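For reference, the structure I am asking about is given below.
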């Protein structure tokens, strides 16, 4: 590790990932470097070349970022320590002086195009779309004269000497992307009362009711899921792992007991971290699944068993 | 407590309860005293007048003994420390010299009559049945000449100077009664690998899905129920508590975690004991709910949390 | 069947069963006859000697009447067509002129004694209790001078020439007994919007999760249970059938589909009737389980399947 | 509709989609036309310009094809009538005479690159990867000299005048892609005994247990899921619809009742078809959820209700 904190992000400069990273206090005093893809960013952390990586995780229109899910689900274990949610607004960037009627080609990352499809069909029905590695790369290609316009965040315009031809060109207002800051494994940050926990669950065998069992382990302990995504394990069609976000922090008794239960019934539970929620929402905790309720139950059970030794207060 | 162990049982002498008590090693060196009813026997334990009480709990034909369930579910807490299962065989006892055609009246405890109903209808269609407090009391009444015959265990005949007019008069062969030995609360006997745990569950409020929730708490932890009986709480029709037997011992992780969960979701969990099963059957434990699995999961969770303190091995 | 309707009840005259029967309009123009026990009353219906039988079903303090449950669960099928709920109040009846200090013996049906136990312990601590076949029989025995006092409904006093020594001697006020009117099988009475359905469920095999499965079949269709009682099947300890009351009427789609599902998964579903609730309460029906919702879903499914034939409106 | 059947597929010619389409008997006598993207192919069907569209649905390594899922989940209803599963093998295609050391740039559809990542890292560590709209488009660009090599099916080589530089360059052997043939809504093809049903489920409201409820509706009726994918509804992070494949055919009782139940509890159930499985596997049907069991239950219920009208045999 370098003496200065080094954080990497899904580049190039000017991406939403960079914008997301810059909202985190830790970025203020760190060296920020773009890397060309998610795998490279995560590998930099794994290999100790970076202290953290900021990568996109899911989008409210496009869904999960499969690459991120799959890279986190395999290889050396990494840990999510923070999340950032950005409102996604797209602008149409072009070289200064370009008029909209002159736009024949538009480029962007493949994730951006579907989010602006209706706007493009209406305003640029004859323009051809070309994929780029990233929206920033598309902007660079506009600068280089390779294409006429790029879909990107308006904040990328000055970086590439471009003008904003049209702003808010996304079809759906309010689209959001969730980014995660990933580090090497370490004890999770302390609970804030508004936390989220992320795990990847691999079934012990491929039996039909496995997902129902998994959901039941969460539900009986009052742990609400906020995201569940199935991903192929690569072992053939019909074989999936589950990427899951739930409310709460691993240090809380109901979450800890649920994770322990999953550890018992799954082939593998890959713990990807407990961290503060970007939306600040406190999850709903039923009185019967509060830490106090677990503590009281543990004391009661200890009495039944005739234990005289001191008891820990968690319910796991 | 007296210097000699004093055990009481549902009397009078000659009942199946006495026969059941005498199968227990503890009875060999104890003073055995009959008491007239279940409440009296349990109260003698509560008040310290006796060290244990042997009372009937359920019968494979007649069902639970409501009085026993209700007496154990209220009042000062008591604890089941052993169970005895007896094969129930009834004989028709009469004064020596009586011929069956001369039997005009038959008496027994109200629980015995239904178990011999078909035999009575066929062999003594015109005899009148009269209730007695117990089968032994019926035998005493035969001795006293108040009735002609009694339904009772054949072993009661010599005690009352009676003869066995007909043996095995029960309609269903193989009927069994389960008896329990009840003491004041104490740490339960150690697990034997073939144990049973008894609790009474009071719902927190009267919502329709309460029983489903209760069963789910057992099921997700792989704890099989062997008996579930609803009993009115006395608060009105439709208000029930549940008397439950499950496989396993409170010291086992899966049972402990299930009881703790019920303690959280129920208004009250009344623990009535963990004790060796009379049938010697080892409950089926899924690998994912073994003590080893719980222990491994607890160690894993501890690692996730970054705990450095030593961890207990149970899953509660 | 006789030209006049003949209804029988658990006698003798003066029982709560008679009082319950007399609350039903059908009793106004019928011949009412007591029979000595529940089995006799039900057999009279089975054999065509009576058109209906009124028998006790459960008590809010004492619980289910096992004999009634068991007699309905076996033998020729019978059907519950009405229920009556009576508030149970006990009086202490004695011969006129008797003072309470002179009462040495008290008699009643064994179900009555526990409901007055505390009153007896306080007011007649030295009196001996004797069982009778019924509270009315106890009153008759008082009249005959065989015992000093009887626990019975105050309404029984004039019938046996007795006085009320003390009224409301029950320990718990508000105790209720539910009685059922039983007939031979016939199409159930039409739904009233406040109905109850009674079934007996026999598991297909004795697997640990059977009861959970049964409850789930009700729960997924939004059918609330109001009573669940396990009864031994007679096949050995640990083998039970379940006597169940649920909200709603067999003609309603959600109830019909739930019963059909149970018919598929159980060894036997013994349908004991759908009938109007005595308490007049309308069960809570979620919008998603209303008859309208089932009808709409059936029409939708029919469209998916490309059915052109007319569809029935129920969801079974 | 044209007089000749016209089928479209995800082009350009030489894609796996074309190869998949050509395995279907219906393709033998139809006009086959490539379209540039999934949306265009599906819209051609919607607008009546084509009779069917063959598009990729999911891949055993890369997961679902989000575009296909999303296009089928919105807009005018379409229907899956067949599926095709292809083993995916990639070759490295180049202009004849090219040696591997001369390859500086490799292009493919973004889905192909991750499936060959390790091979590329080992054999072409310095080559730059460029995205193309499709693997065939990449081959065309090789032909045009814009890039040096393409990842594509070996069958695409002759079409673009290319040679196979290396075959089987995929990292994981046995990767499969499932394609679906989509038509306008019509009664589904008859059941074959090895069928699959696809639906999209929209929750009625965003409550934590919604997915558990959905899975329970399938599970209680013995309907196994073979795929469950969450997709954002676009209404914000945390709001999902579920794309589900289950075993069985809508004409089967257990599937029909499950779909009807979901229709009652979900905001919308979008039925995308029942069709023969490509793997020919017969789903496991428990005896209690066979069509016979449903039929028998329906007849039984009809008898309970006193229905005299004829009954349909389905369980819905």
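A few notes on this one:
Read from first to last, the chains carry the letters A, B, C and D; within each, the first residue is number 1.
Just so we're on the same page, contacts are C-beta pairs under 8 Å (C-beta built on N, C-alpha and C of every residue); 3 or more make two chains touch, one makes a residue touch a chain.
Here the structure is a predicted model, which means the values were calculated and not measured.
Both subunit B and subunit C are touched by no common chain. Separating the centre of subunit A from that of subunit C, both taken as means of CA atoms, is a distance of 59 Å. Rounded to whole angstrom units, the spacing between the C-alpha centres of subunit A and subunit D is 26.
Between the Cα centres of subunit C and subunit D there is a gap of 56 Å. Among the residues of subunit C, those in touch with two or more other chains are 216. Taken pair by pair, the chains that touch are A-B, A-D, B-C, C-D.
Those residues of subunit C that touch subunit D in the complex are listed here as 186-188, 204, 213, 216-217, 220-221, 250-251, 256-257, 259-261, 263-265, 269, 271, 288-289, 293-294, 296-298, 300-302, 304-306, 309, 311-312, 315-316. The touching residues of subunit A, counted against subunit D in their complex, run 39, 58-63, 66-67, 70, 85, 110, 114, 131-133, 172, 174-176, 178, 208-209, 211-212, 215-216, 219, 224-232, 234-240.
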